[in-house]
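What follows is a set of notes on a single structure, which appears directly below.
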Amino acid sequence: MTAIETAPLAIHKGAEELPWVEIGDGNKLKVIMVDEGQGLWIVENIFQSGFDVLTHKHTGPVYGYTMSGAWKYKEYDYVNRAGSFLFEPAGSVHTLTCIENDTQVWFQMYGCNLNLDADGNIDSITDGAGTLAAYYALCEAQGLPRPNVVVR
Amino acid sequence: MTAIETAPLAIHKGAEELPWVEIGDGNKLKVIMVDEGQGLWIVENIFQSGFDVLTHKHTGPVYGYTMSGAWKYKEYDYVNRAGSFLFEPAGSVHTLTCIENDTQVWFQMYGCNLNLDADGNIDSITDGAGTLAAYYALCEAQGLPRPNVVVR
Amino acid sequence: MTAIETAPLAIHKGAEELPWVEIGDGNKLKVIMVDEGQGLWIVENIFQSGFDVLTHKHTGPVYGYTMSGAWKYKEYDYVNRAGSFLFEPAGSVHTLTCIENDTQVWFQMYGCNLNLDADGNIDSITDGAGTLAAYYALCEAQGLPRPNVVVR
Amino acid sequence: MTAIETAPLAIHKGAEELPWVEIGDGNKLKVIMVDEGQGLWIVENIFQSGFDVLTHKHTGPVYGYTMSGAWKYKEYDYVNRAGSFLFEPAGSVHTLTCIENDTQVWFQMYGCNLNLDADGNIDSITDGAGTLAAYYALCEAQGLPRPNVVVR
């Protein structure tokens, strides 16, 4: 066999391959890949205008790729729009708010979100393992078969 | 100062912030982020139909996010279209070919491309440091100021 | 210039180069490298018999290399001794206890420690940025010059 | 079940758990962990005085932890001894030479070694998948059972 035949395969997830689940008010979540041991989780979201994410601090780096719409962090002025790239270093803290309907974003995340209360104390955490479990449960609750997420 | 005020900042690159450089036949490149010591490089490409990339093997993982158009690896059947996610594990080998004009893709890459000849021997390599140098040189050749790539 | 002359340099920290700071009861800490944006922190410890670390959950992977002595996690039977390697995947939870005096261990850590109380709630966190700040402060308090930690 | 009971387990490899294989002239190799998709490989070596490794360039970062003995890169003056830490950024190029017998070192490596000839051209590569295959083959040739390497 040649090197190409024995090499590990690339894994493709087309836009329609994994279902969107509703997370309230028309906002949607898709979990694409989780490598729990590495602390890696890749999700895609569709946010509607006015949607807020809890203020959180990242324990690893995050890379954001925006497909459509507009969203920002309340702490910064710039707006993520179609074609925006965002690098969030580990330790960064911010509060996501969505500005336009049908804002679609991929987040490639390492580590977890430490969700902070108004005094900066940790209120809860959000991580890949928990988000994957929630995604599976929401799929089941919405009558969908268990999605074929890339799990390492 | 509060934790939020002292935290490292997220870095945003809007769609218009970094210039596209021409790499031949209407194909374009933008280098967004390079952390040379970590072996990380993030680029965005616009490919035209018929564009081929040399067969290559990756020494680290690659994550591909497609904005528009259509492209595939000659070795596989699936086609990357708008909204496609692709995970290419370290060690994977493939030959990119573009199917539709104005195909736009982000690649978040670790390590380098080992470019292979028809016998599977290493012909050359492509890496983040070299691609960044080429991007700076192409910007200069095209009369553009030095772009503000995210460099760690 | 040749490729070798322009390549980035490797960075060496000899055993005597960075000082040990006392963290109580003869236990010692040395911070060797911190890449805050990547969430990476590399420390070395000398623990004395009976030293316990708070039960914690990791948000990224940890790699442990033991030079001398003996230590274990209360949750597991195996004992880390000279020459032991330990892989702690992200999400793992455990309580370190030291068994022999002068146990010396390197930890290469990604993400943070979520320190848990008896009910499994997050009581506090320990991360690279905070540990580096503590190391600098302890050096100063012990009359040592600011150590030349590898900081990216 | 509690969070601790469902958490992923840490994996320990004691000093005696994985066999050393002879790689010539009393030099020895042990492969401890390989995550091929991530490009991660962790090995331990025992080198004898006078042992040289081919000049190579790394495509990812490398972290070296020295247990005993003495070794250096011909390009640099410093010597790695017991307790030394070494950070080799991606892109670094060097030629290892061993100075004292029974020099024992762990290397946590990402990506591959591009082995260079005297003109700086790539002569061959060494990577995690190939090194693991060689380790298995050498164990078999030396009449040892297949070692239980941490493979993800």
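Points to keep in mind about this one:
Lettered A, B, C and D in written order, each chain numbered from 1.
Please note the rule applied: a contact is a pair of C-beta atoms (placed from the backbone, for glycine too) under 8 Å apart; a residue touches a chain by one contact, two chains touch by 3 or more.
Computed from a predicted structure; not experimentally measured.
Centroid analysis (C-alpha atoms only) places C farthest from chain B.
If you compare A-B with A-C, the chain pair joined by more contacting C-beta pairs is A-B. One rotation lays the C-alpha atoms of chain C on chain D, and its angle is 180 degrees to the nearest 5. A straight line joining the Cα centres of chain A and chain B is 21 Å long. Note on chain placement: the centre of chain A and the centre of chain C lie 30 Å apart, centres being C-alpha means. Along chain A, residues 8, 36-38, 89-91 each make contact with two or more other chains.
Those residues of chain D that touch chain A in the shared complex are 8, 35-38, 152. Contact residues on chain A toward chain B in their complex (touch as defined above): 2-4, 7-15, 32-33, 42, 44, 55, 57, 63, 65, 67, 73, 75-76, 78-94, 104, 106, 108, 116, 120, 150.
Those residues of chain C whose C-beta lies close enough to touch chain A in the complex are 36-39, 58-61, 89-91, 110-112, 114, 122, 125, 127-129.
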